[in-house]
Amino acid sequence: MKFSYFPGCTLKNKAKDLDRYALRCAEALGVTLEEIENWQCCGGVFTTAKDEIATKLSSVRILKAAKDKEQPLVTVCSACHNVVKQTNHAILTDKEFSDKVNRYMADDGRYDGSTEVYHYLEMLRDLVGFDALREKVKSPLSGKKIAAYYGCLLLRPGSVMKMDDPENPSIMEDMIRAIGAEPVIFANRNECCGGYVVMESPSLAEKKSGDIVRNAKVQGADMIVTACPLCRYNLMKNGADIPVIYFTELLAEALGVKEDTNE
Amino acid sequence: MQKITKEQLTEKAVSLLRDGTVTHVLGWSAGEFDYDITPAVFSDEASLRKSFVWNDFCGANFSKYLVSKTRGIEGKLLVFLKPCDTYSFNQLLTEHRFDREKVYAIGIPCEGMADIDKVKAICGDGISSVNCDGEKLLVQSIYEDAPISVSPSDVLAERCVNCKSKKHVAYDELMGEDGDVLDSARFDEVSRIEAMSPDERFLFWQNELSRCIRCNACRDACPACTCEVCVFNNPRSGVENKSPANNFEEQMFHIIRAFHVAGRCTDCGECSRVCPQNIPLHLLNRKFIKEMNECYGEYQAGETVGSKSPLTDYTLEDLEPGEVFDRGDINA
Amino acid sequence: MQVKEYKPLIVAFCCNWCSYAGADLAGNNRLNYPAEVKIIRVPCSCRVNPMFILRAFQRGADGVILCGCHPGDCHYTSGNYFTRRRMAMLFSMLDFLGIERERTRVEWVSAAEGAKFAATMTEFAEQVAALGENKRLEDLRCKK
Amino acid sequence: MQRIGVFVCWCGSNIAGTVDVAAVADALKNEPGVVFSTDYQYMCSQAGQDLIVSSVKEYSLTGLVICSCSPRMHEVTFRKTAAAAGLNPYMVEIANIREQCSWVHKEMPIGTEKAIILGKAAVAKVNLNAPLTPGESPVTKRALVIGGGIAGIQTALDIADAGFPVDIVEKKPTIGGKMAQLDKTFPTLDCAACILTPKMVDVAQHENVRIFSYSEVTDVKGFIGNFDVTIKKNARYVNEDICTGCGDCVTKCPQKKVPNEFNLGMDNRSAIYIPFAQAVPKVATIDPAHCTMLKTGKCGVCSKVCKAKAIDYTQKDEYITEKYGAIVVATGFDPISMDKFDEFAYSQSPDVITSLEFERLTNAAGPTAGKLLRPSDGEHPQKIVFVQCVGSRCDSCSEKGKEYCSKICCMYTAKHAMLTRDKYPDTEVYVFYIDVRTPGKNFDEFYRRAVEEYGVHYIKGMVGKVTPEGKKLMVRASDLLDGKQLNIDADLVVLAAAIEPDKSARSLATMLTASMDTNDFFTEAHPKLRPVESPTAGVFLSGTCQGPKDIPETVSQAGAAAAKVIGLLAKDKLKGNPCVASSDELMCNGCSSCEKVCPYGAITYEDKEFRMPDRTTRIRRVASVNPAVCQGCGCCTVACPSGAMDLRGFMNEQIMAEVDAICK
Amino acid sequence: MNKKYLRDDIIRMSGVNPKKCMRCGKCSGTCPAYDEMEYHPHQFVSMVENGDIEPLLSSDSLYRCLTCFACAERCPRGVEPAKLIEAVRLTAIRRQGANRLTPSDIPAMLDEDIPQQALVSAFRKYTK
């Protein structure tokens, strides 16, 4: 299996673990992730206003790059994934938007919305399969009680992301089960951590993230996994006294590729 | 230019007659001219070997003949079906018009049929024979010594130029290879007329329909027109009209006929093939097909047996009659 | 006899349960609409055969309007859904032949919509009158 | 050739004011077939009708044209007049020269001209009229009620009391339906079981009622007065006739870990079970999915302990066919699944429950013997949050909920809140509402009592998120009137789940050719005037299968449906509408186009033998219309390519004659 | 800009139909930033609908919305208040000199671990 891979800015900087382990695990699972050449920013956030065009073009270029290689596109960062998937959805469903975008795309060539966009987790579930994953596990993480924290960007808007039930998701829990650990379901797993508003109002982020960590702990978690660098930052910064790690790191541990191997 | 040969078909028919699989064979026999082929029923080997024909003028859609020719015979009737014929075959089965048990259907490939008018346009009148050397058509005229060689693609009938499918959707046995449903440009001419102004459309059809001599050939060849009693022959239908009473009647004839076959027409093109006045009647049917595809979803009559035509179906969200004119982006 | 001003002839097919009752209501409320409109009662709009419409045009009608219950309200549950498809196809064919699309119409009129009935008929009659006599169907065979 | 009489009515000045009636009568004299034409002040009066009768005699008339008011007004009157004169009632046509002429036009010449044309059209039609006789069909004097809830029970009782046999088909092992699961009923707070169970006993003991429990309808054929219904009696592995309902088998059954559906899975039952103490019929049923004997062949305890020897592990499903004259649908409702609403954490905490589960928790026969205890730890909840409109009143595009208001939730929530405060005054009760809808007798008073006397906190706003945390349920909600976001640490959250029609209704509707709306509620023949009849003749609607309803409404509709059924069964023969479709066999192609558009399934096909001109015979497939089923819409006539199908009373020829007369 | 124009523009930009709102308050019942806001999600819906937009434009509430989409996901009527808030915010910051965040503000906010994503997002949200 070969996919186009878009890491995004944070994964090459503050969230290197998310990127590094994603690639290693993919390799261990027999998946080739080809990083898109000369990639730019995903756009940061998907602006829902219909008249915002230019800020969405970088996402379109990512999609177009995957389309040119005739590969499905895989992303890991929740934010990038959200932006790219929403942009693709807008191209497919909003003709006016698609027409305007394609006027800008004259030099790169038309993009029609036909690239399939997968989050790394979706790739695991739908293309690799959790059963296949289970077979590849080298060191099952049995006994660990792990809370999967989704945040908002992975699941919402549900009608666009179509990743899982936005109120009762199971994709990360299923992954946790597949690698031998015990998932802890907590209601705040799909509540917002405070997001970028941490820049504007740190106290809001502190309260929201605090609630999330507390809820996870009360429900019995001894570790939280997430797919989002900003979520992780907010949770860590606001009093998480249990480990908060990227799901890829957890995966890498189970697949036995966490420690640096000699090339 | 046909890949399958007359000999292959004859041998097949003979062997099926011999082993008793069939008792009759529906095939083509020569008419007065090479290009003037007549459908015929054979019931013995000798007549088959003598008169059975297969060439580039065997355009007739045999499905319709099954309605009458399967009646009153013991045993089975062998029929050779070109891909387009198989759609009519299924449509007639959908409408319970003949007994499937009485038919042994052999699907045969078709490379497209020739249009004698196109041949005449190249070679002139007075054609005495048309043969095929495997590649080209050799047309012998009474005015010339040597035959004129014509490329089959230059004289392909309109409906074959826009062939919708080389795939057989029904058969008991297949000779040669099956093809695929094609991505044809068959609606282009309809779109061209739609793009005209109403006045231009009116003039176009006035020009075409004024030529109608009301010979009924279109109806008689149409595999969707198999009514026990045609409304135009029925004094109680209110539109009975056996001969042209006044100018107006005939034009109603074509609209009503198109409406009657709407949703059932497989777009076989027989109506235009047999029209002695070369009126492009198939465009009326194609207009309906195109319209129904666009408004109610793709539907190909005869693709499967038992399907429900768009006019015997509905959804709660269908377009309003007034809206069919305003759906600009559907046409785009 | 003085020369009459041109009045179009309009045939209105009305379903018994909704539109015919709507027309009656227009009468009950004394709502005027042009006398050129003549109503033929049918049990359901789906009873109207395209042949009837063509026949009306053939015999000199300048406009034909078909009224039925609103979609979803058919007395026979689904009749008007079939009407909607049939008439959409018929009108589109007439348009394809270059016949003025303004001469035909389908309107859903409920038994409570007397005012809508009168307004629709008035407006349709004006629309048809603006087109003048219905010549095209007849002339379709008369190449000049 | 017809001999037609034309009768032009003045209707006082209603017609004569704008139409020159004498001129109309005069003009129509010359129409083909007309032998007599006259006008009169009030044609519908006794004198007017006498005039018609005597004219028929005097001029040997065969057809009548009445130029008068709308046929919707007096068509029936004049048909009776015709019959009194010895004519077939269907030889009458009305030219509507009042509502559609004199009342909408102002000038006499215009009105007169139009009236003449309308008269001509009617004459043209009558010329082609043929006498029509309504078909008659016998009525099977037995009714079928599908569904044994309160709606079905009440309908069956009412029909049975009128002296007609009734069968109830109930898919569960007992009748009683949802009402049997309720604790108290609003607004009077009488105990549901106390008012329902006597009715269950009544119906079971009624000599005219048979109950097929644990059974379902699998096929319906026929038409009004003459339905043939196949009922599948599921194997319950217990001989109903000899089981005494003693319950020994239930107590001894070793498999006791089966979720008890009667208590909505909040406790367990055994594999052989009687749903509840007052079940009717009170016989045991073996659940084959959980019975060790049926699954592995090893056990047989129940068989050993049964003194009546009623256990039969070899019992098979049984099919019964029965004839009925009328069918009543009373299939009821279910609360919707809460799967898609997990912001309320229904799947995450046992202490988030639906209102129906709350009923069981407060019911003396429920899993907690009527004590309100938290499902998670059996403790008494101190703080309860009720959430209204969960899944009701959603956007039409919503994939989660329903667009309609479920109607009963406001009242039962007020009841739950009130009863909780009554029994446990120390419990704090919050009700989050969007609107409180209480239209009904003593309903709003009831709700006000919950607030004013019982101190229930009604908060205008909606709960946005429920977060289980330890033993508590953290409820985040808005209080719109105070402009606050509330965070309540509740012990129990109760969701007023929307209700939807029972899932079995869709397939049943197909069998019955009864129509449904997009929400799968059965549609009524007319929303105002025929609310308990389905558009399919002979099929009636009772209870929530037609739309959300509370118990009083359900019972009154059940009685109304019964009255309609009794009215039908009281007749020996049914007269149909003679204006039905009929197919000319000689022209029919047997193509099935008509069948595909018929909304009533009135058209069937048969292979018929025809003699050909050459004296051979030919077998052809031809359509045949069942006149008792056909309602006369005429859709088939247009679908028919050959014109074989025509509609009596509205023949192609007749309508075209009208067109011609108008366009002349 | 007049009231009506502003209102229509915001509705068009957001693609939200505020008329579908049935005033249930679930958006505000679920909003994680509720306490930080002067105007709450349900008020955005009704105030935009009423053309009462200036108070919204000058309120800090615009910058407290997390765009977490909980309101949009849970709205029974499919109204999507988050989109409306975003449209109002864009209307505000698109005005001249109205950028909420400037590059010179950033250094003070930085800490060692803050992911780039936070900066990019905040800039998108707060700056023209």
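Here are some notes:
Order of writing sets the chain letters: A, B, C, D and E. Residues in each chain are counted from 1.
To be clear about the criterion, a residue touches a chain if its C-beta (ideal position, glycine included) is under 8 Å from a C-beta of that chain, and two chains touch if they have at least 3 such contacts.
The model shown is predicted, which means the values in this text are computed figures rather than measured ones.
The chains touching chain A as well as chain D are E. Counting hops only between chains that touch, chain A reaches chain C in a minimum of 2. When the C-beta contacts at A-E and at B-D are tallied, the pair with the greater total is A-E. The geometric centre of chain A is 57 Å away from that of chain B, both derived from CA atoms. Per-chain Cα centroids separate chain C from chain D by 35 Å. For the pair chain B and chain E, the distance between mean C-alpha positions equals 63 Å.
Residue positions 167, 191 of chain A are each in touch with at least two other chains.
The set of chain E residues that touch two or more partner chains comprises 70, 74. For chain B, the set of residues touching two or more other chains reads 231, 237-238, 311-313, 316. Taken together, the chains touch in the following pairs: A-D, A-E, B-C, B-D, C-D, D-E. Of all residues in chain C, only 50-51, 54-55, 58, 71-72, 78, 81-82, 84-101, 104-106, 136-144 touch chain B in the complex they form. Contacts from chain D toward chain C in the complex involve residues 70-73, 96, 98-101, 103-106, 110-111, 113-114, 117-118, 121, 515, 523, 535, 579, 597, 599, 631-635, 637-639, 647, 650, 652, 655-656, 658-660, 662-664.
Of all residues in chain C, only 9, 11, 16, 20-21, 23-24, 26-28, 30-33, 35, 38-44, 46-52, 55-56, 59-61, 75-79, 82, 86, 118 touch chain D in the complex they form.
Chain E makes touch with chain D in their complex at residues 20, 22-31, 34-35, 40, 42, 70, 74-79.
Across the interface of their complex, chain A is touched by residues 12-15, 32-33, 36, 63-70, 72-74, 80, 82-83, 86-87, 90, 100-101, 109, 111, 113-126 of chain E.
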